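Per-chain numbering from 1; labels A, B, C and D assigned in written order.
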């Protein structure tokens, strides 16, 4: 959640917002499917042209959304199925052509801010084996193939004095992974999606809308290797909530209200505030486990423990 | 924060809401003062009659509010002054007539839910000495007088299988304190007051608006000894935020909007959501220290460490 | 681990020490069995007479020891089997005659001292349902019978100003359970038993060797209901380690050395020091889960989650 | 505490061990002084030749030891004086010639193993400002000069799959600091020095006695910039304790005992065990604050907060 100020980090929500205005969008392809057993809905938004990127306000790439309504509940078997679905989607965007891959997983966010601690918590549950592969070689492997997994939690700038991206760039140059998986908490536009949506994207991490500011980006352009981003929305900006409630009222009432965004007294109090669920601490614990399991499965690291 | 669903736990906000409708309220006395040096504003609401209690939706008693605008900032000297002001206000409502007092401090709330963890965190910083008074007597005291302080964090029902009040009742009967101080996180109506307001009240803790349900109350009636409650608002109910924003718009626009509360689509998404500040984890750390210092000073426990 | 100063909290180690001096002990019955599949060794020491208690330095009662060599390893299936064995042994000493039991589980020790945090950590993983039984009655139960489980972590005297036993006594009087299960970290005499031994005893918790000091005891005498104690040794007193090493050397060398305990320079440095395993933080996590699962199974609380 | 297996990380203890055998050591210079007010004893061991390094079993360089007997007590004023003394000693070995320095502080060790968590805890309390210097330049500084401070906690190999040194090398190349300060927990030989000794050395971090294995070293040779190491002994190897107790007994009794190290039964149980103080959790909290304050003062970062 590089910045809470973004209205939404979900391409799906951008697509909906624009889509409302009328049907198809040039340069943006949408595919949907639903798993019968789990009710998990998978949406694949492909931004294929620069124009599509401009309309969507997001870089070109593939954005896969898993919407799993029961993800906020404490049901181990369900979480396991979501982990497996996440693994399947991850595999669909992982680099091809190499039998064995070296991957660096990056846990972004702030361990000390609950709603922003998804990345560090996912890192805690991850299986890593790069140090063993380095020491004993892949000979120890009995399964025919063995990826090499390492992991870093760069921490936040206020604690390190460095951009997360600077630390990651240094580690990438030093250790030379084939690709990155970056995990981060996201902001959504709608509370309905909080804690029950996982987005997998191929465009990496682009702080500040990707305009300039390449020093902070974690992208194929800046790092030289592909970056898959995994995100879960855990907060909604408080001003967004009020603004959206007003918009819905306008629509329903037919009245033209003063636009919420320009209404100073209505909004001034909401700066630096966010909306989150009451059980966010518990939710982060469960979600981080589910996401880390998905990564472990996708990387064949399940039996390495 | 026994329940996040309450619109406000602050008597001051109830007073403002009613006061808006026109001037004085029978049975409710209001006194205000402001400290020049720190800008801390102290409001004393005294609900003196049953009618006043009904109007305010709160039990009879004294409700003192300290509004300290800079409390969200990291300024040790300022926090120290607020601790001293809190100590002064606590002393003004502590039982009189006895030279030395035995007090049980109760840290309410859930240690594992950041916004609800004020009570347990205050307990962590508190100086207790009852065990030493029991072992060595007050003879060890060189200051002329010595209170006896004990402290308990009862935990939450989902973890203990017991009401907090059951545990506290048991401990009170076993150890016989002269009075209780109960610390809890509160819900406010306005984000403006979040994390910068401390309420001290003499009416104890009354879950569920104090109607029936005496088993869960921490009050003089249920325990036999006075209960001073200290609370800090750390969250606002998300539905309240939207509702209040709409009300302000109605007033400003002169239009009569559909009442937010009855607007199903606008509100349905906000169940079980709350609004809180982005730095809530850090804020709770600082606030809990400031409140515990206030209690330590009020009980002359500063040099016991 | 009420006090680290005790040489051993394990009746088994007392028995060995005395047994060395020659065969049977009057008033102390010893039974042993071993589970073939898991290699878990179960020893049942019954101290049946006052004389036996005096010889053993422990109150009369049954002391069951589970020695599970692989308990320090990270093997979920093995831990599960140990949980089931613990459940079996717990059931063998639980009160009989009542179909449904109300039990209070007490997590003793200090959450903030890793080696002493077994009790609080077991409490964290426990399933409790007393609040649901109170609200909905046992009618909600579909299994024919349903125990009522509650749990408390009293904390340490330096933080509460109260003896753990005072808090527990108060809660027992208020809530009236049929029996108690008290979980605590223990001190062993030998590092060989650290973290791989679970002791279940029927004599409760007797701080200070049970001589006088009944205010602090958690026993049937002091509480009016049976108390089953579960303990796992997590530390060895540092002086004990050195003393025992010297004794072994004496035996092996045939030389009569100056008794270690009276050797001031050899021992003076070791006050307030203990020996523990390097991975104690990780070990406590796993052990607390295994013990809580054992309790959950014994109380038929497995499917309540 | 890269490895607990080392008998001592303190040059002072090596010096004592050898010194016992007779007076001066060629190539090793020893200076001592004591602060009257605080009783802090400062010992400066300079290993100036290869021969000295061989005798001492430590690389050439300066090793400054602060022995502060009251450091285990909770006395803020005393801790403050130790921080100031540490700052003074740090300044004496910091690079000269540049008015403003860029420093990277490295918090080594394992956050999840209490006795090994000094480095990460020191990092938590440190003031960093590199990000502000990068954004606003040193123009914002009102004090004439301003160092640039950044900080990293690399984590442990079992969690990251990378050597700490690999991560640090990457970050150093990316951000180009003028020198490093690396903080780590140490192993001592004597419990007398535990938690009350701070060692500052100029030879960096040399895992595995510095023989070969340059991949893991944090030294001027491997990084290209000076590395100052700060360490506090928090554990003693359990076998060392027993061995040293036996040696003292031999000396006192005049008997020639079987050397403890070769005594299998006496030692076999002690593998993977360490001796530490009972209040280690609390001690680490206080020590990490004292060390971080020392670094903050040495880098003129005190008023940056």
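Keep in mind that, in the parts below, a residue touches a chain if its C-beta (ideal position, glycine included) is under 8 Å from a C-beta of that chain, and two chains touch if they have at least 3 such contacts.
All of these numbers come straight from a predicted model, not from anything done at the bench.
Shared contact partners of chain A and chain C, listed by label: B, D. Of all residue numbers that take part in the contact between chain A and chain D, over half occur on both sides, making this a same-residue interface.
Centre-to-centre, using mean CA coordinates, chain A is 39 Å away from chain D. Between the CA-based centres of chain B and chain D the separation comes to 45 Å, rounded to the whole angstrom. Between chain A and chain B the centroid-to-centroid distance comes to 38 Å (mean Cα coordinates, whole Å). For chain A, no residue reaches two or more other chains under the stated contact definition. Contact between chains, using the touch rule, shows up for A-B, A-D, B-C, C-D.
Those residues of chain A lying in contact with chain D across their complex are 123-124, 128-131, 148-153, 155, 157-163, 166-167, 169-175.
Those residues of chain A lying in contact with chain B across their complex are 4, 112-114, 190-192, 194, 238, 241-242, 245-246, 248-249, 252-253, 255, 257-258, 260, 263, 265-267, 269-270, 272-282.
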